[in-house]
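Have a look at this one before I ask anything.
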Amino acid sequence: MKEVHVIRRERFNSAHRLFNPTWDDAKNEKVFGKCSNKNWHGHNYILFVTVKGTIDPDTGYVIDMKILSDLIKEKIVEKMDHKNLNIEVDFMQGMVPTAENIAVQIFEELAPGVTATGNTLHCVKLCETENNFVEYYG
Amino acid sequence: MKEVHVIRRERFNSAHRLFNPTWDDAKNEKVFGKCSNKNWHGHNYILFVTVKGTIDPDTGYVIDMKILSDLIKEKIVEKMDHKNLNIEVDFMQGMVPTAENIAVQIFEELAPGVTATGNTLHCVKLCETENNFVEYYG
Amino acid sequence: MKEVHVIRRERFNSAHRLFNPTWDDAKNEKVFGKCSNKNWHGHNYILFVTVKGTIDPDTGYVIDMKILSDLIKEKIVEKMDHKNLNIEVDFMQGMVPTAENIAVQIFEELAPGVTATGNTLHCVKLCETENNFVEYYG
Amino acid sequence: MKEVHVIRRERFNSAHRLFNPTWDDAKNEKVFGKCSNKNWHGHNYILFVTVKGTIDPDTGYVIDMKILSDLIKEKIVEKMDHKNLNIEVDFMQGMVPTAENIAVQIFEELAPGVTATGNTLHCVKLCETENNFVEYYG
Amino acid sequence: MKEVHVIRRERFNSAHRLFNPTWDDAKNEKVFGKCSNKNWHGHNYILFVTVKGTIDPDTGYVIDMKILSDLIKEKIVEKMDHKNLNIEVDFMQGMVPTAENIAVQIFEELAPGVTATGNTLHCVKLCETENNFVEYYG
Amino acid sequence: MKEVHVIRRERFNSAHRLFNPTWDDAKNEKVFGKCSNKNWHGHNYILFVTVKGTIDPDTGYVIDMKILSDLIKEKIVEKMDHKNLNIEVDFMQGMVPTAENIAVQIFEELAPGVTATGNTLHCVKLCETENNFVEYYG
């Protein structure tokens, strides 16, 4: 039984600001600088979801990419794309929407659905800009 | 005298929404869909600025790329990066911040500074996503 | 009235072979080499469609990108994606499916629909590999 | 002795269809959809081969990239480029040519040659489209 | 007769410094800064060569990409790749090796060979870094 | 405590030659070919630095990307960008400046500064061309 990693790329465009509501504005400005701008800014986020599993000898698939893409679209893209990550995304409440926190939360949102396919969610990689990325392995 | 096009790439990350204030919310929603989300969304904008001019035989330059980059940073990036294009950018006031309008306004903001270097601003290309671009030639 | 170029990127994955049916196999092999392999090969084609028009002052759009994308999907992607360009694409019949011919035919297929939006189809760019592209301006 | 991963990128353009010959057409169509089109489709496959080894203190190389590239070209690219993966590639016979199966077979084809250089084949990554990738670690 | 632009991408990796030998070191340093470093620096240059011509109805080609690639390799890549542009490239002598001058010289070197194929050399685009490009149209 | 990998991309453009000073020119030429050209060549190096750490619940950061970027710029980019790697970079002395050796040395240079932030340097990836990469994990 060959174990293979299967990776699906999806995208979403969102607004956010880095802001810790338990701090005053001066401290947010000091820690987060322009990323804390009160009128928001935004990104074209690029997401890479890696699923680990064995190849089904009948289909040659670890997982049908359409099923994986549909899962990511239902659980993540529809909730985050063209949204404000601080205000509108239920699973981002109570935390600063850094790339690190976004990646962890996306992992938590996707893991049950991936497990239900008989595979394992291995990694969520999130690209915030062409220079800044994060990876979370659960 | 050889005429060459010189192209500089810069980037800015901004929030916006497509919204015409002379329309009610229902019409904005109908025309612009999710792009009109009242809590904003955002993009990693990529900008390509093309300057046309002749090569200085002493330097081999049409324009020193540092001068062009500094001009774009002063006139555009510092005003648009980590900003809200609807609210915070003076030269975007009074219009819907579509890629088309942003490109035209960036062209207008940059043209005098490019002309002052003895060259001509030829084109502003703006990439809003990996699938959507606009070009304005003045 | 500001004239702006609007560019939409779409993709399709197809099989083809370079083959002139008026030639025998030896001549096809001589002219087209491995590109003439009788069992086909294929590409991830990337398409850039440029539409030229003036900005609508109410919407800030030259053309709603969704309308342009839907047009390309209906006229091109649905007919070419996961298809054999020699056999299955009506508008490619009677010619060798080189990148040049594909680009010209895509232009012809798209032009009436773009004209119907009040704009002009300016350019079709087709990328066959990361090293080979063609552009057709009508 | 410093262990370093060395990665070589190569490309090949092939035709294939997802088709299990033990199923009838209806089941193939149901499982694989348009990917099962009987007239084939194709891709620009991008391959990343990772070799793990220690740096030779005289050359500063883990492996001469030309040797690695020549090995991949001989064992993989010459056999897969501009070929039909279902029909013409000996090591793909008897299985559905999914990205998963292709990556595993490429790994098996390359491993002896890499071992012969005194290094270890660590990973084969195969990109079928810009959104779909697989990785196999042996 | 359909006129199409055909574009071939090639690459070369070279050393250079921006240095005007009619100036002293202080002036070179003042004008060119770190780009004038006396021990050289280098780039992965990416070249896009655009040829304009009509489609041959028998082949579907404007020009066989192999012929265009071979021409660029013979006239440009073999002379510039892994070379020092100030010292070792005959057609770069007597000028500062800026991207502007390199693009113009490449155009001059390629034009006769392209003309000999019955087509027209339309544009040479040279990418020096991911942020700096030049285009020359003859 | 969630452990996340944070990746920062930086770039530098340098000259080098592959040359072992304990060998004569003929042996260097035999082993390294054109990469040993005595007048140098160069590359646009792209560097990916991966830091592993836990998310600070107050900031949502593993590490402020500005701190990581500043560290890489101070320790690596300022010393390597627009420099000759054989001659001018102190930490590259006494070894052939292959991608393998550069990556290992960059890792050694960066590790103490990353450790001082309370995190772990996980990987240095160096891209020498679009086809050749190395990764070092310490």
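Remarks
Each chain gets a letter, A, B, C, D, E and F, in the order it is written, and its residues are counted from 1.
Here, contacts are C-beta pairs under 8 Å (C-beta built on N, C-alpha and C of every residue); 3 or more make two chains touch, one makes a residue touch a chain.
Note that the structure is predicted; figures quoted are calculated from it, not measured.
Listing every chain that touches chain D and chain F alike gives A. Between the contact lists of chain A and chain F, the overlap consists of D.
Shared numbers divided by all numbers used gives the overlap of an interface; between chain C and chain D this overlap exceeds half, so the copies present the same residues. Farthest from chain B in terms of Cα centroid separation is D. Among the remaining chains, E is positioned farthest from chain A, on the basis of C-alpha centroids.
By residue number, more than half of the contact pairs of D-F reappear in one of the listed pairs A-F, C-D or A-B, namely A-F. Chain A and chain C have Cα centroids separated by 34 Å.
Look at where the CA atoms of chain A average out and do the same for chain E: the two points lie 42 Å apart. Between the Cα centres of chain B and chain C there is a gap of 28 Å. Residue positions of chain C touching 2 or more other chains, listed in rising order: 130.
Pairwise chain contacts in this structure: A-B, A-D, A-F, B-C, B-E, C-D, C-E, D-F, E-F. Remark: chain D residues 18, 20, 22-23, 31-33, 95-101, 103-104, 130-137 touch chain A in the complex. On the chain E side of its complex with chain F, the touching residues are 11, 13-16, 34-35, 37, 39-44, 81-84, 87-88, 129-130. By the touch rule above, chain E contacts chain C in their complex via residues 2-10, 50, 55, 57-62, 65-66, 69.
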